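Consider the two complexes below, in which chain A is the common component and chain B and chain C are the respective partners.
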Partner chain A sequence: MNGLWASKSRIFGLILAFLFLAVLPPFYSSYWVTLVTQMLIFAILAMSLDILLGYTGLSSFGHAAFFGAAAYAVAILSTRYKMGFLVCFISGIALSAGISTIFGFLVAHATGVYFLIITLALGMTLWGLAFRWVSMTGGDNGISGIARPDIGLPLSLKDPLTFYYFILVFFLVSLVLMVILVRSPFGHSLKGVRESESRMRVLGYHTWLHKYLSYVCSASFGGFAGVLWAYYNGFTSPYDMDLTASIEIILMVILGGPGTLIGPALGACIIVFLKNFISAYTQRWLLIVGTIYILTILYAPQGLMNLIKDFLKRGQKKAEASEGS
Partner chain B sequence: MGGEEKAISLAPMEKIKSRDAGPCLVLDDLSIDFGGLRAVNGVNLTIRPGERRVLMGPNGAGKTTLFNLVSGVYQASKGRILFLGKDITKLPTYRRAELGIARTYQITNLFPKLTVEENIMMACQALTRSKFVMYRPLSSYRLLTERCHDLLKEFNLWEKRSELVKNLSHGDQRQIEVAMALAEKPRLLLLDEPAAGLSSAETQSLTLLLKKLDPSITILLIEHDMDVAFEFAERITVLYQGKLLTEGTKEEIKNNPTVQEIYLGGE
Partner chain C sequence: MIEFLLVQTLNGISFGALLFLLASGLSLIYGVMKIVNIAHGSYFMLGAYVGLSVILRTQSFILGALAGGLAVGLIGLVMERGFLRKFPLQPLPQMMITLGFALLFRDLALLIWGGDPYTLPCPDFLKGSTQIYRIVFPVYRLFVIGVAAAVAAALWVFNDKTLVGAKLRAAVDDHEMAGGVGLNVPLISGCMFGLGAFLAAFGGVMGGPIFGVYPGLDFELLSLAFVVVIVGGRGSLKGSAVGSILVGLVDNFGKALVPELSYFTLFAPMAIVVAIKPTGLFGRE
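Take a look at the complex of A and B:
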């Protein structure tokens, strides 16, 4: 009996996701296809932060910096040096990963508020670099004219639907990679660091190293999303990596449910949708972000995914109880 | 599966065996200051391998601080700590655990939002190289899983393995404290009041379990409960205001007038 409800609802969720992500997109309007593409990219970004925030318990206020750094790498290489997709893709992720291996030495000692402040400061230095290094980054104007990649297939990625499926493949690959990561012994150790770092040390874990590696993994997947964003948007600017961007990613994770991967992906979809939907009516998007943040903390501090999980558990208990009577 | 066998590096018994003739733990003039307060003051202590030693003393005597010094949570201000002949005074906590020192906490320190099984598993994989593996599911490590399941059964936690630790009773949580320390197959086990807050039945079963432990494990136990202390220990060390007051067999301690005065209230 145990887990039947859970597995049933999981299958239901998978069918639903398959339907909306793989089968139905050809029937969406091109506006919706573009919107869902954007959702997937931010879903990768939110999941990447979840490794750090949800699994390791470290809230980073500078995650957008890795997203932006990878986007800039693609922008500069593809517009100025006319590099192909593969070079841009690898360089983008390598840049984010490389920066995080250096930043990691500064942040991995810290926890809690101190971690938050250090990541905020480091994120802002990268933002400042993007903003002021005009000869390299174009400054406030950013870099435009990033063409959709030519991947050597007869299909053109200029077509929104083809590009959507292209992104979907990357989304699935990153999802699988991250699921493998969090289910591995290493992923398990991250949860331990989140729950009690002092106990982990006494058990024989060099917790600094686990936090450091978690930070690098998280940043690398953030870079993964950044690469796709540059190709999607065709344009990068310092606003991709400012504080607001970092806070939005945190909100996606918290809204969806930290430590669940799928939750933050769901949170990303909701935030991206609301952002596009609401900005058609008002300029005050940040006001709405703040409201959602407060409502989440008040009514669903565990996030949507954990709310759903609790609901299913209660449903199963009820089913078991009625069967027993 | 051969690779897995190799990957599991248990406490390095082979490396240390040649030194087994010497003492397991030596504290040499060990002191620590917190600001103006000298919480542990020049303690000398020698514990031989396989010994069961109880550490007694009134509140504030420095017992838990002594544990924190041995396990590496605090760094000593003065003095040395030798473990199996090796100077570990400056080693970080995780290195001491690798050498075979495990401990429990007086105030339960577990992973509250993980299940019982996940808690024990954390301890099982702690001293293996597989803890850094990122590409293979934890559940596929058969030896680790078996060890974890054995421990769950031994501690009567099998039925509760899928429960979150925060939802368990205090007694069960204390059991997990001990189970996690034992999961690492330690050479030296530091138990900080494992019976604190347990019912008398729970205390009894814990005492039984401790008595059944592998005699090659050296155990240092902090205990307020006289019955547990006197039943379990061969020798007893009494700390008072950070200093070593006296050391001796049960009878010697029972009949020591100073101990009676400060600890037993002059009964």
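Take a look at the complex of A and C:
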């Protein structure tokens, strides 16, 4: 009987997700279609940070920088040099990955809180570049006018619904890639580094390399999300990559539950929804995020997904107990 | 050319002096409590805002500096007592709490003081500039350097020559042992946190006449303070002093020579130090 409860709920969850993501969108209003598109993009971003934060146990405070760097690459290439989708897509991810291979040398030796200090400082130097390098990035005004990509199909991505399915495909691809990553032997040794780096080192694992590669993978997927964001938003600005943006991504992961890919994706949906919903009523978004942060740490430090898991486990035990009697 | 270099160097040192007021508290708090205080830049900004309001009402700069420092020092104390104390030696939850507060402070400041940038009025007796040889330099900046040097000296005496300082150093070196031999580590930590907040806010008021106060100042300076801690070494007073001056100089020359890359120039000292000595110039471990 063991696990039946969990697998039942998993199948139920999958069906629900399939319904909401693939079947129902044509019936959503266009407001909801764009909102769900945004949720998917941020879900990719939150999952990408989770590779580092949840699976490797390293809290990066500069993750938005990679997201922003890729978005800027798309913005500059597509508006100034009229490059096509493929070139922009590849260069965006390559830029994030490239920066992270350099930054990785500075951060991979760090552990615990020190990792966070360095990533924050490095992320902000990139933000400074976006903010002050006006001739390249447009400074505070950002870069606008990024057109939706032409992918060579007889479909126009200007239509919100078509664009939504376009993003959904990318979401599924990145989800599958990340699931493969975290379930691979490499992913398991990342968890080992999270649990005890010294023990992994004694066992003969090259922990520095694991942390380095985890950082680069995480940044590359972050760039992946950044590329999609640039096309979705049609606009990039330094605010996409400042500390507040990084903080929001961390909140998505912590709220959803680090160490589960689905949790951060759900966390991203909740935060994106709240952000859009609340901003319709009040300007005080940061006040609310700050409060959510403090409340999450005080009352749900393990994240929602792990709370649900605990709840399911309890339900499972109850079911077993009633069967036994 | 020489004049340009000298003036820019003095500018850099005066900026470094302000950074020292911010970073010394951040570094000591990290040293004693292992807390990475994300709200530390917010203290600087709040101090400047409170100072501004008090100065505008009382016309007294000194009163403003004290009021800013004390008000924010109190806020720091409340944060430590009420929230951070609940997660002793759990760096991640503690940091998340400070993060939440940093966002609250940012939005509250925007709510109270609005989005316009302000410059704090410079006290009358420090207006104008002075001429040393052929260099003309504003008196106020020299004053800031003097104040920071005095604070640094006081902190050094406090840390190295007094009994409380010895207890503090013991707590930095080994938290558990210090508690084991009967030191009241929570009390030391609480006072340390309050003092750090006070210094940051005081620095905010001191910096007000130079670069003013505006939304976003908090995180901009926080990252600079982090660079100081990375370069100088964690928990080290000497490291904060040297790191602050170094970062102040690099940032200032960056702004003067390559304005478009100014913030990014900080990447260089950080990368060099981390590559050569990962613990920072004066860091231990």
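Simple rule for what comes next: the second predicted complex is superposed on the first by the 325 of 325 C-alpha atoms of A that agree within 3 Å, B and C clash if a C-alpha of one lies under 4 Å from a C-alpha of the other, contacts with A are read in each partner's own complex, and residues count from 1 in each chain.
The rule we apply is simple: a residue touches a chain if its C-beta (ideal position, glycine included) is under 8 Å from a C-beta of that chain, and two chains touch if they have at least 3 such contacts.
Since this is a predicted model, take the numbers as computed values, not measurements.
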item: Which of chain B and chain C A:Ser198 touches, first, second, both or neither; value: first
item: Superposition-derived comparison: chain B or chain C, residues of chain A touched; value: C
item: Contacts of A:Lys158 with chain B and chain C, given as first, second, both or neither; value: neither
item: Which superposed partner A:His188 touches (first chain B, second chain C, both, neither); value: first
item: Touched partner set for A:Lys313, first chain B, second chain C, both or neither; value: neither
item: Which of chain B and chain C A:Lys8 touches, first, second, both or neither; value: neither
item: Partner chain(s) touched by A:Ile180 [first = chain B, second = chain C, both, neither]; value: first
item: Footprint of chain A on chain C - complex, ascending; value: 30, 34, 36, 83, 86-87, 91-93, 95-97, 99-104, 106-108, 110-111, 219-220, 222-223, 226-227, 229-230, 234, 259-264, 266-267, 270-271, 274-275, 278
item: Touch list for chain B against partner chain A, complex; value: 71-73, 92-94, 97-98, 102-103, 105, 109-114, 118, 121-123, 125-128, 130-139, 141, 180, 184
item: Interface residues, chain A side, partner chain B - complex; value: 180-181, 183-189, 191-192, 195-196, 198-207, 213, 217
item: For the chain A and chain C complex, residues of the former touching the latter; value: 59, 105-106, 109-110, 112-114, 116-118, 120-122, 124-129, 131-136, 242-244, 247, 250, 254, 284-287, 289-294, 296-298, 301
